[in-house]
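Got a structure for you, written out below as structure tokens; questions coming shortly.
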């Protein structure tokens, strides 16, 4: 890892950490005038679901970003730009999250959920653009270059499955959110091959 | 400390630092229409108490997280996931803090305090899960492995005592908050054995 | 890069990362009472444009700040102070962004856009002051010292072009915003000479 | 600088960077119903003054914190605790800033300004406690130990002068704010002796 990429990582980590922590600002405290507090807290369960999905999404995106940058040996202007595009996507997340939470019970529920799921389609596309640029531009270190094809396959599932999730919104909002949660779990599992290699590298790299 | 864990630490530090600093956004400025400003500021003392407890809790949780990662020699996927779970708990803190501040004088006081104290039960459990994973998975460095049992004992007090705190809420909200403050002070004191060893390591490690 | 400048960089990165991520807090969720959600979301397009311009501006400012500090070999008090002044400008950005978004349809549109574009004039001036201090104070490393004149020329275009943008506000707000976007694209392109040298340095510096 | 203090620094930098950037959230956008936007923006000048004072205060506090930690060669539990206390003070700053901005024109002006100036008295005391702990606990490196007495003298002026500022509030709020600005400028100037030594160290430390 060059000092060049390490500052890009530090900046990216900052944006990921802030975006994931800002999410809580959209979980609102029910006002005293809303009657029984317990009931009011339970009634806003869609807020918690939206919060948890977005937290998981950003968290897992960070883990994958982290895995990716662990194998980048040099930076270029394209990487800088595409990384900024990914960070744009990540830092937008609090907005669709608040939107879904606020409109789950309103007439705008489908639109809110579509914006929510649609944001993830876009971010998944941005992540794939970043990954493809890294692979094709030869920015990876030698040891990862071989397993890149397998990883590409796993990552390419992202945009497609979030697109299904997005389409599902128009049929059933709850179903689309359940699929969204399932996808978060799926992407939390590291790519098999890369992981073994990774573990081996780490074992030897650690003092 | 491997470069692997160092980026996990950097990301975690970011989340801790943001969560602890965001707390102030829930300390609201009394509006000019509320009459005498001095009286209005004094009347919202529960806000300050909730703020201080949460600040102390996150601060001390950070110190312990920091001590823990100082002794981790390698990372694995379980650590990544459990650390993310702990960060979820930490970044949720501003919500129960605002809840308690807003409802200390309302009919929802007991529920608000229960959510507040309950959040700490959950975070304490998450921290213990992380710690147990580190100990059992052999992720610790050799020097700490021996003193791990003593530390495990101290940490395991966490969930139990915050559970007592949680139970106390239903009997007396002020008493539960006083116990909560006492617990913060207790966990600020470093585990005896580990600390001496730690100090010795540091003395030799410093240039 | 000395350890001195590395902590200034870390702090600056933090401010850049927070300012860029906070921008989303000013993209408001339309309330359920505003009628059709889709229409309400489309109606607030100036908010998205303002958000995107500011995100791009801070992102590109970060890239240039990063390039600059890569070539600084020592720090002094003037650098500390001028860097703080630049950070002041950057962290102010969420305010004019929210102002433009809120007043694009109100009678205050021209004033809001003037404040928005004017903020960028000021930040561009601050960045040039920082750069000139670095060049004249001999804080640059030897390899960059030669290409400094070329870079100075490119940077000096900043204040002038944002001033044109500012002037244009009084003639046509949309035109001024389009020019603003064009400037962001222009400054995203790295200075030719510096870039080749930079790439060469990076290739040799990377393990 | 040990790896121990470097993570304390990273966490502190995070808190400083967030607190300084959050300040802008309390600079509110005048609503369209408030009539002429230009006039509304000018009318809220106390908000800008409060913002600038707080930005300068946190920025300069960061510079001094940075200088201090540059000379600390080891950490202990007291340092951890006192540093957390200082960070508590720093992260509270957005509240008195918003308070002063909101109540400059209300009947609560004196109280708001007293809370504002009083916060700085407390933070100055916290900083001195941290500094004294470092000096007396022998946590400084050898080269700084000699010049410590001179620095102690400069720092000790802090609490006293902010106390005068606090007292002045009750006589004239504008005068107290002008003194506050003057103090920020004064503390931005580095202690003479330490600075020369510092510059010399840096020259030799830089590659």
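We just call them A, B, C and D in the order they show up, numbering each chain from 1.
Please note the rule applied: a contact is a pair of C-beta atoms (placed from the backbone, for glycine too) under 8 Å apart; a residue touches a chain by one contact, two chains touch by 3 or more.
Nothing here was measured: the structure is a model prediction, and the numbers come from that model.
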item	value
Angle (degrees, nearest 5) of the CA superposition of chain A onto chain C	90
Relative to chain B, chain with the most remote C-alpha centre	C
Interface residue identity across copies chain B, chain D - same or different by half	different
Chain C-chain D separation of Cα centroids, rounded to whole Å	26
Whole-Å separation of chain centres (CA-atom averages), chain A against chain D	36
In chain D, residues with contacts to at least two other chains	10, 14, 18, 22, 25
Residue ranges of chain D touching chain B (in the complex, touch as defined)	2-4, 7-8, 10-11, 14-15, 18-19, 22, 25, 73-77, 80-81, 84, 87-88, 91-95, 98-99, 102-103, 106-108, 111-112, 115
Interface residues, chain A side, partner chain B - complex	1, 9-10, 13-14, 16-18, 20-25, 27, 29, 31-32, 36-38, 40-41, 52, 55, 59, 62-63, 66, 70, 188, 190, 195, 199, 202-203, 205-207
